[in-house]
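You will see chain A twice below: alongside chain B first, and alongside chain C after that.
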Partner chain A sequence: METLLSLENLHVSFHTPQGDPEAVRGVSLELRAGETLGLVGESGCGKSLTALSLLGLLPPGATQTQDRLRFLDREWDRPTPEDWRSLRGREISIVFQEPFTSLNPVMRVGEQVAEVFRLHQGMARQAAWAASVEMLKKVGIPEAASRARQYPHQFSGGMRQRTLIAIALACKPRLLIADEPTTALDVTVQAQILKLLKRLKREMGLTLMLISHDLGLVAQMADRLAVMYAGEIVEMGDLQAVLGDPKHPYTRGLLACLPRLGAQGRLASLEGQVPEISYLPYGCAFHPRCAHAFKLCRRRDPELKEVEGRRVACHLYGSGE
Partner chain B sequence: MALLEVRELTKRFALSRRKSWLEREAVTAVNRLSFDLEEGRTLGVVGESGCGKTTLGKLLLRLVEPDSGGVRFLGADWLALRGGDLRSRRRDMQMVFQDPQASLNPRMRVGEAITEPLVIHEGLGAAGRARAAGALMERVGLPGSALRRYPHEFSGGQRQRLGIARAVSTRPRLLVADEPVSSLDVSIQAQILNLLKDLQRQDGMGMIFIAHDLRVVEFMSDQVAVMYLGRFVEQAPSRALYTSPRHPYTRALLSAIPPAPGEEPREAEGPEGEPPSPSAPPAGCPFHPRCPLKEPRCESQAPEWREVEPEHRVACHLA
Partner chain C sequence: MLLRYALKRALFSVPLLLGITLISFLVLHLAPGSPVSARGSLNPHISPESIRELRALYGLDKPLSTQYWDWLKRCAGFNFGDSFQDRQSVLSHILQALPATLLLNGVALLLVFGLGLPLGIFSAIRSGSPLDRAFTLSSFLAFSIPAFVLALFLQLVFGAWLGWFPISGFSSPWSMGQGWLAQAGDVLWHLVLPVWTTAFGAWVTVAQYMRNSTLEVLSQDYIRTAFAKGLGARRITLRHALPNALLPIITLLGLSVPGLVGGSFIIETIFAWPGMGRLGYEAAMNYDYPLVMGVVVMGAVLTVFGNLLADICYAVVDPRVRY
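Moving on to the complex of A and B:
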């Protein structure tokens, strides 16, 4: 399969008076055209920052460096603002978690979609409006022509999320990043949005990067899975391999924490919590919570290595010493 | 005798919009709910946002006063209690809130925050308070050395432990937990659910566990009630509700849960559409506009709340 995007050795750091702690520490990933990559992890593990780094949209105070970013046949080590603009919207788009704050409350919904057509494709006002209504129809807004004239507060959470998807897909990007697209929604609406994403992916030949803390949700959508912990990818591979036979103790722990239907008694739980980025433990960042930690884990951060058809960063699978 | 008996409990909220100059529009947030809860058992309440589940919790605690209906708690008329009597009985019914950040006073040391109910209800002195605080911290799995810290020094999961410590400090007979884990990460969520179960077993508390996550509710509850537009549409022992749901809405909700890794793969389906506005609920069965099985009578006749099997109640013409 053709490689759509590859990112090598991404670091994201925050500038503070006490130093520059790193929130993303050497993430490399590759997206193949047409696949869905699931990126999972708990809050603060760096998954959203990784996504924003693919668009050059990090918040103020954060700095990113990478050895290389490749998109199809183009390649940068330090993309300029113009480089980012050539990617954003046209090639890569993103849908955020908050359908309640991402739309302009005083602008008609249709106008917010039409704006994209005018700015990116230079369409005239009327043509852009028609294209906007068409796009809203495509994402499943009923009576799109009249709904387009309404304001965001007249839309439910699910409809707002559909609108954001319409905005993101207006320029027919190759890659759509969905960052917790259903977290703020009810489970019933979540199912509808996931169905929509699947349909659009098929119809438009999209590549999808789905970021979520919910393993069940990702399992339903993804072809491949990357698990992040404390700014690093700790396990990455085909969905079946990773979920069917997880290797990293963190992946195992996450899976064991999920309440199963029909299960009784206590949940297996991972003790402790995700470390703060300014106080990362020495060695493997997971070792204080890991039941299998041994001496090496406290001394050296493990690298991603090929283990049984996926990549794992854990000393349990050979340290190379 | 049941710990809690709720009969025809109803709460309407007036909106500022008016139907006519005489009458304001109103939302019936909780509509003639009836149920019992036995000592030491857990009733889970699930439903989509806006279904009235949080209002139900607030009504039970009398943080909001109902318009009609009755509640008996510990054998006495709970709604008849007034003023000082109500305050002194509150020790028997406590609440855990969703947002532990917002429910702890940011300027109060946590040792004081979690023992405040004991000062109010038992007039505990300084020495007794310090002892109690240490014991409570241990019960919820926090280090006793953290007593003099402030809430902002704790993580989300730890703050929820503090909220729980305060709620169980008076050894209540009933704990109402409203979305206690929905803002927490999965690994922390598991810790908190285990903690709640442990405390419940130790103290024999009854619990009303309100949440939107069906997996979490099943894990916690003996009985589960499904709420839609202010009413219960189905209530059954947990296992029965999840394995043989009778109401089309329950089935739709269950089908919307993505299968967990290791469970049988299937497409998450879910019901069509979204819940109608509670200020203009549909006539007849409130679920009929989204129901795949609806018949003509569903549009005009509200279905009765009836027992279809022992302890299994449904409000559906077709069940």
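Moving on to the complex of A and C:
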């Protein structure tokens, strides 16, 4: 399969008076055209920052460096602001977690979609509006023509997320990043949005990067899975392989936490907490929470290595000495 | 729909206005001294007879409730009575003083918002820069200077020492009979120091307000959405941030309406500016009850009107406001 995007050794650090702690520590990943990559991990593990880095959208105070960013057969190692602007909304789009606050409250919904057509396709006002109504129809907004004239506060959460998806997909990007797209929504609405994403992905031939803390949700959608912990990818491989036979103790822990229908007894949980990025443990960042930790884990951070058809960063699978 | 909302709001402000006039009326009459004592008690030759006649002339012999009722009845017909001092109608006094105040505060308001809003936006966009920090620091200094201190300082430096601008007054005697251009220039020249004093504190307030409002809006999720669309910083600022950041400024504008017409007692008195503020101040010093009440009613109506206007503007501009 053709590689759409490859990212090598991404670092994201925050500038503070006490030093510049790293929130993303050397993430490398590839996206193959047409696939869905699930990126999972606890909150604060750096998965959203990794996604924002692909658009140059990091918040003020954060800086990113990467050895390589290749997208659409072009190198973007040191993208300029103009480079980013030419990618955003046209080639790479993102849907955020907060549908309730992500739309401009004083601009008509249709105008917020039309804006993208005017910007990237140079459409005139009326043509852009018509295209906007079409797009709203496509994401399942009923009575789109009249709804387009309304303001965001007149939309429900699910409708707002549909609108944000319409904005993201208006210019038929190659890559859609969905960052916790359903976390803020009701369970029934969640299912509808996921169904919509699946349908649009098929219709438009999208590549999808689905970010979530919810392994169960990602399992429904993804072809491949990347598990992040404390700013690093600890395991990455085909969904079936990783879920069927998780190698990294953290992945196993996450899987054990999934509730199962009919299961007896207490729900399992991972002991301990995600370490703060300013106070990362020496060696493997996961070792204080790991039941299998041994001497080496406290000394050296394991690298991602090929293990049985997937990549794992854990000393249990050959220390490489 | 909007009209009904406006009418409803206007109707609700009637009791408020009545309350304001009642309290002003009471305070005015409870204050020690009276128009009669101001004219009579300093004159040893005045007879009790004459005092009684004076009181009857002014209607001060009637009970307070009757006096208020009479005043209210007259006001209903837009007749605010005559000044005790020169028997001219209160309305004509106000109409004479109004243009000067409108000019002074209109120019000041234009400067305040015309300069304050851009400075605030700029400061927010460049937040944390040396320029922004310098502005924040200097605005605290500027904000803590009271108007009367600033007024006297400007008079001393630019009026007395440097002699660049006239210290007080509305126009120079020599400009009478000159061409209108010379007259207008003369008034503008007199306007500089009072406008400076009026605008100074407000300018800084508006700029700080706009800065904070813009900063808050810039951190909102929908601004991130706008960036994710690929829009440029300029369009995001003008099209997405500005309309949202300006919403709270509407209140500030509404609150400036009474000042626009009401005038400032302090600034107009210091600069001998023949406007509403000085009119009210002099009326109060002379126990000119009808004139004081006229000025007070004017101010109250405008305050209520300004608030009403701000609320209506909100309803027009912000689609989330229900009415």
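Rule of thumb we're sticking to: the second predicted complex is superposed on the first by the 321 of 321 C-alpha atoms of A that agree within 3 Å, B and C clash if a C-alpha of one lies under 4 Å from a C-alpha of the other, contacts with A are read in each partner's own complex, and residues count from 1 in each chain.
Here is the rule we use: a residue touches a chain if its C-beta (ideal position, glycine included) is under 8 Å from a C-beta of that chain, and two chains touch if they have at least 3 such contacts.
Owing to the predicted nature of the structure, the values given are computational and were not obtained by experimental measurement.
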Q.
Contacts for A:6 in the overlay, against chain B (first) and chain C (second): which applies, first, second, both or neither?
A. neither
Q. When the two structures are overlaid on chain A, which partner does A:188 contact: first (chain B), second (chain C), both, or neither?
A. first
**Q.** Which of chain B and chain C A:219 touches, first, second, both or neither
**A.** first
Q.
Per the contact definition in the header, classify A:28: touching chain B only (first), chain C only (second), both, or neither.
A. neither
(Q) Once chain A of both complexes is superposed, is A:121 in touch with chain B (first), chain C (second), both, or neither? (A) neither
Q. Looking at the overlay, what does A:65 touch: chain B (first), chain C (second), both, or neither?
A. neither
Q. After superposition on the shared chain, which partner residues are touched by A:151: those of chain B (first), chain C (second), both, or neither?
A. second
Q: State whether chain B or chain C is in contact with more residues of chain A in the superposed arrangement.
A: B
Q.
A:243 in the overlay: touching chain B, chain C, both, or neither? Say first, second, both or neither.
A. first
**Q.** Set intersection of chain A contacts, chain C complex versus chain B complex
**A.** none
Q: Please name which positions on chain A make contact with chain C in the complex.
A: 55, 57, 84-90, 93-94, 96, 98, 101-107, 115-116, 119-120, 151, 153, 164, 167-168
**Q.** List of chain C residues in touch with chain A within their complex
**A.** 220-222, 224-232, 239-240, 243-244, 247, 317-320
**Q.** Complex contacts: residues of chain B adjacent to chain A
**A.** 48-49, 155, 157-158, 185-191, 193-194, 197, 212-216, 218-219, 239, 242-243, 252-253, 255-263, 265, 267-272, 274
Q: Please give the residue numbers of chain A that touch chain B in the complex, ascending.
A: 42-43, 156, 158, 186-192, 194-195, 213-217, 219-220, 243-244, 253-255, 257-263, 266-271, 273-274
